[in-house]
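You will see two complexes here that share chain A, one where it goes with chain B and one where it goes with chain C.
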Partner chain A sequence: MRAEKRRDPGQRLTMVVCLFYFSAFLLLFLRDFVWQGLALAFAVPFTIFLSNRLLPKLFPADGLLLALAHFLCALGILVLYDTNPAYAYSQTVSYGVSVAAMFFCVWAVRIVRSRRIPVFFLAVLSLGLLAAPLVFGREIYGAKNWIFVGSVSVQPSEVVKLSLLVVLAYCMARRRFWSWFLFALGCLGLLMLQKDLGTALLYYSVGMLMFFASDGSVWILAAGTLGGAGAAVMGFRMFAHVKRRVAIWRNPWANYDGAGYQLVQGLMAIASGDLFGVGLGLGSPRTIPVYHTDFIYAVICEQFGMIFGLCVLAIYVALVWRGATIAMAARHSFHGLLALGATLMLGLQTFVIIGGVLKLIPLTGVTLPFISYGGSSLVSSMCLIGLIQGVASLNEDDLMEDTEIALGREEMSM
Partner chain B sequence: MKQQRLRYKLLALFVFCLFALLAVYGCYSILTYGNRWFASSRNPRVRAQKEQVAAGDILDRDGLLLATTDASGTRHYAEDEAVRRAMVHLLGDSEGQVSNGVEAFQTNYLYGFDDSLLDLAGGLVSGSPRTGNTVRLTVSAPLCAELAAAFDAHAGSAGKRGAAVVLNWKTGAVEALTSRPSFDPEAITAAIKGDPGQPFWNRATQAVIPPGSTFKVVAAAAALEQLSGIEEVSFTCTTDVLDFGDHVIADYGGGSHGTVRLREAFIQSCNKMFANVAVNVGWRGMLRTAERFGFNDNFLFRDLVVENSSYPTSAPSSYELAACGFGQSGIAATPLHLCMIAAGVANGGVMMEPRLLQEVTSASGRRKLSFSSSPYRTCMPASVAGKLQEYMRAVVTQGTGRQAAVSGLKVCGKTGTADSTLDGNPVTYGWFIGYLDEEDLPYAICVLVEDLDSGVSGGSAAAPIAADAFRWLRDHRTPEGGTAAP
Partner chain C sequence: MSAEFYQVLSLAMRYWFALLGILIVLRSFYWLHKDRRARHRRLRRLPDAGLIGEMVVLSDLEGMPAQTALAVPYEGILGSVRGCDIPLPAPGIQARHLDFWYDSRQGLMIRPRKNRYCTVDGEEASFRHPLAMGHGSILQLGPAALRLRLFAGLETEYHARFQDDVLPPTEAMHYGVQPGKEPDHES
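Here is the complex of A and B:
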């Protein structure tokens, strides 16, 4: 009965996405003749196909949202395979892990419905995780935000994103202002100590917007914006590296061999792609420093062109639209805020990094969700999708229940 | 909950707006700056393409070969050494020493980056190595050589640094451009690279220099437009200097012009009168007119990279404002921009965008781009331009620009002599900007001679070079705009 009622646009889209990646990887395989290329040509579409078939069987999930997220993940693997196959292989493994993690998140959101969430425990754990790199970590690119467990490196701020959303949504839904406020303040403080300003900015804006959504006070929103702007000005005055970032943003060409190098190379890559791109496998994307993480959007624009770059933006917009729709359909404030927070997190992070690459705003080192190389980032992005999917499946359950109750009443009255 | 849902929608809309901003900004920057970023000499993609594709030919307006690639892949320039030297700044060199020449700025065409799949397939079929597109310019090679020769032919400018630009004032086409000192692109030596005279620097488009009295064209336009009845106001110019406390304003050579009105002051280039004009127009009025003439604008011309000209934007002291009347105190412009100003007067107040590309054709002969002219901006009303045309004509018939006169042609112009400092040493710049008031010969010119000897002015050093160029145009240009055989 459900199959008749819901015509899922995600299914057909999935087929198109699978075909796209199959042909793209096949093309790259024909260039290099490395067996891994051929393996990817089958493995990536197969993963997409399988998870899109499997998830709706387990939970009543949103197929379109899932298809879009898969498209972006696979785009990342494709571009990484073209620029540096070794990255693509490890990204593929992360992809598999992240799909499993997403399933777990969907399940977790469904199960906690009947139980109380140990928010206090989550909060303490998050703060501990954020403090860990300060104690154990090494400095990479001027920020101390990684921890190393054996050969695996993890970025705690990516993991904490999830618990932050849960704690914030839980406390805001129950109007426990000070609990979440102090927790968020602690997170921001630790991020500042790590010098991870991009993530701090992200946490701050998501927290503020979520509070606005729950409370509706325009004054607090205005005060928060002013406070954020004030903190930005303070940071500019106090920290030399912030000042340098802003100077590079104002004119990267003034120091194209030094500080402005990566931004200039990124802009030249985008300009070389022009509207239609130089083509998959062509161009010289590897001349951009950190082409695999921060600047991966420039690589996409070079190879596929600005028009495709705009399409990628449109996919993120569609993702945000689905997320917001699911948040609006939620029955409980907690679920609504959770889905909205996850959506805002993905949307704002995308804006911050693409804006930085396009020189619209100063560059901050955050990853492009789903696409950038990096296990932590990919897993946390897919987990965010998992949270949204979890809420979507609960909405669907509620809807079903309503229908059954209504049907039951009809039967009774008959 | 219902309220909350509304706020969710608001926040989603907010994120949509951010993404729309990204999309609009991304498209805007690619469309406006894309070619500049791409053509940057720092772009490693261009270097890679150079190994696979032979650069296309560059021709002058009449089809004379200016640059070509031989079978071994080496780049060669025009046969005549005088032409090579006169045009090297405009064209650039194969080593990339000159920045933003045609060789660098038009890599998109010359190396066939814009080739479509059709072109690529055609190349595969014919089997010959890929060649880029042929680029035909609007410039006339013999006129460039003539300008360079004119610098050496006159005592006031021989051996001096400088630059000259000729534009078609109706279309904006760059007819000639040369910069000095120069060098031969076929023989770049270490001595040239170490030359303190910076021979690689294209002074015509990159040197921003105080325009001196040539700026009186802009000041007079401001006065005629904003001060009604200014033409009737008379001023008595004596040998006394105008005293501003720490600075004084004097006229060239300490002379005086007696009782003058705006027209005579313009013709005789009276600094004191124009200092008064600037003070009366006020700094906001002066700034407004200067910006309409293109000062402080970010020049993003399609075919040329031109350094931006500047006019002070903060409120100046009374001396500085007065000095703005005759183009000193922080005003600076390139020779190309000053040539555009002269062309704007000639064209009734409408400045055309300078254009350099006449035609681009693919190796197989398919035309990809042909010349089109586009107005840059209207800098003054036609009535003001009409009065300035009459003033500039009088400068050449009876004023400071008499040495630019050529028999049989209506030459109009304005001279300038600007003082500045270069590396701490005082230096004098001689200017002449002007144009031909002839329907068949719509040409404007700007000549710059740097580091004048004492006693030499723009009128005696730069104007004769302009006269030589006009004479050449009179003798070689047919009424249809073609070039007659020498």
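Here is the complex of A and C:
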């Protein structure tokens, strides 16, 4: 038993993650001797340890998913602490909330197995939430997608991500084409009105790929891709800020001290990081505009280097791989589609923002899951992990049931 | 701590962080690989995992002799293309002909897609009128007749009305397509 415990890959991985986080925080503590910073060095590994211990006791959890998501969250808090400690403290609170939200999502996925989901209510609530910024919201960076309640700001499109996946998976599993199609269309229309094209692109791609997974029709996938391309061209012609972003993407150096400043600074930060980085706590990451949200990947590459940047990418790949494996092992199409949708959402969002920072595709204003500053983004990303974890735990239950049936059959034959 | 000493320390620590990053990636992929192998081993011991029974072809079809057993998962699609959960390449059967799912109370539920038809124990099922199959029930679609065998422990209270191998009468409407419509085939 002791030997088995020592060989447990989950514990070893968690140990390496905590070691990384603790040593990095210790280094930052030696720079400015702020005791609150040292408190973070203990608080985050404690949360990781607690959730890694608690979740498997409640449900059959997937340790790898949990460890990777925690590593990315911890990395985000670390980078934020290095660049702006106030953001890090706020992010740590969001991290605690997001872990609790993840537990809730795992429980919710397990409970809906025996109950009906109020999809109509969810759909109406989601559309209402998406419409709220158009009435009460304020325009930030060209998009009107935030609502402010006192000192708290919420991005409804991050919350709606979850309900979108649930409604789409539920309706697609039951072949209710028009129900999910009209709901998705409504969401996309509201996002276009908010001018939040990055999120609209995400919703569209995830919806289309989920439908392909549920139906398997290549023609519909081709039609969806063509429709998406048509919508992109229409968006380019309709919105001035889309035209500007495409122009920046094509040649950011043409206006490097104006519109292209952000992208140029990001690229220069990545280049100056070289293979091993300029060193944690060194360099000048704050010269990149919006370094704490959209361009946090450039900050990571500058501080830790391109090798570490590639490691972060590989961790996202591992996360997506694991999510897809869980989705494929699901016994019921609703659970499979739910896990697949959550995985696609995380994977595509990562691709869209890192691709934008690396100048592979035009930059869109989405956050880097788990790492970027923002409570809504962190909570919704951890909830997506919760949905995948829920499906993973159901898969494990099903396999246990199969084992029992097989054993029963063997006993009967004897 | 002086700025110079911190700089030296931070520059030295870069390699440590890169090493830990690589270690985390290697551990993750090793875990993925190990889990995959463990799952394969586990599934090899449970060849029926994820399946509820099998459908036995009762009459010879093109490329599929009688008595061929097709594995039936908990839910999926039956159609003529290879990508379906139960592939049944026979004339008169559409690319994706019907959806099925296992209901622990009623049995295997059969719902043909729009404009597709089939019969369960002689009773016609349609998109708006799904039917349940029990152990021994016969599904007829196109020229194909399939008998369902549920695994022990999964039988429901529902019992098939046709317990012998005599097929229900085959009529034009049982051939899976609406009169006047050509079946579509995808490769």
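Note that the second predicted complex is superposed on the first by the 400 of 414 C-alpha atoms of A that agree within 3 Å, B and C clash if a C-alpha of one lies under 4 Å from a C-alpha of the other, contacts with A are read in each partner's own complex, and residues count from 1 in each chain.
Convention: a residue touches a chain if its C-beta (ideal position, glycine included) is under 8 Å from a C-beta of that chain, and two chains touch if they have at least 3 such contacts.
Quantities reported herein were computed from a predicted structural model and do not represent experimental measurements.
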> Given the touch rule stated above, what does A:Leu134 touch, chain B (first), chain C (second), both, or neither?
Replying inline: neither
> If you stack the two complexes on chain A, which partner ends up touching A:Ala406: first (chain B), second (chain C), both, or neither?
Replying inline: second
> For A:Tyr256, is the partner it touches chain B (first), chain C (second), both, or none of the two (neither)?
Replying inline: first
>> So in the superposed three-chain picture, is A:Leu54 touching just chain B, just chain C, both, or none of them (first/second/both/neither)?
In response: neither
>> Which partner chains sit in contact with A:Leu358 here, chain B, chain C, both or neither? Use first/second/both/neither.
In response: first
>> Tell me the contact category for A:Ser333 with respect to chain B and chain C: first, second, both or neither.
In response: both
> Of the two partner chains, chain B (first) and chain C (second), which one does A:Ile270 touch, if any: first, second, both, or neither?
Replying inline: first
>> After the superposition on A, what does A:Gly216 contact: first (chain B), second (chain C), both or neither?
In response: both
> Is A:Val233 touching the first partner chain B, the second partner chain C, both, or neither of them?
Replying inline: neither
>> Give me the intersection of chain A's contacts with chain B and its contacts with chain C, in residue numbers.
In response: 216, 321, 333
> Which residues of chain A touch chain C in the complex?
Replying inline: 9-10, 12-13, 16-17, 19-20, 23-24, 27, 30-31, 33, 63-64, 67-68, 71, 175, 215-217, 276-277, 279-282, 304-305, 307-308, 311-312, 314-315, 318, 321-322, 325, 329, 331-333, 398-399, 402-403, 405-406, 408-409, 412
> Any idea which chain A residues touch chain B in the complex?
Replying inline: 209, 212-214, 216, 256, 264-265, 267-268, 270-272, 274-275, 283-284, 287, 306, 309-310, 313, 316-317, 320-321, 323-324, 327-328, 333, 336, 340, 343-344, 347-348, 350-351, 354-355, 358-360
> For the complex, which residues does chain B have touching chain A?
Replying inline: 1, 3-5, 7-9, 11-12, 14-16, 18-19, 21-23, 25-27, 29-30, 33-38, 40, 42-45, 48, 113
> chain A touches which residues of chain C in the complex?
Replying inline: 1, 6-7, 9-11, 13-18, 20-25, 27-32, 34-36, 39, 42, 45-46, 48-50, 73-77, 81, 83-84, 96, 99, 101, 111, 113, 151-154
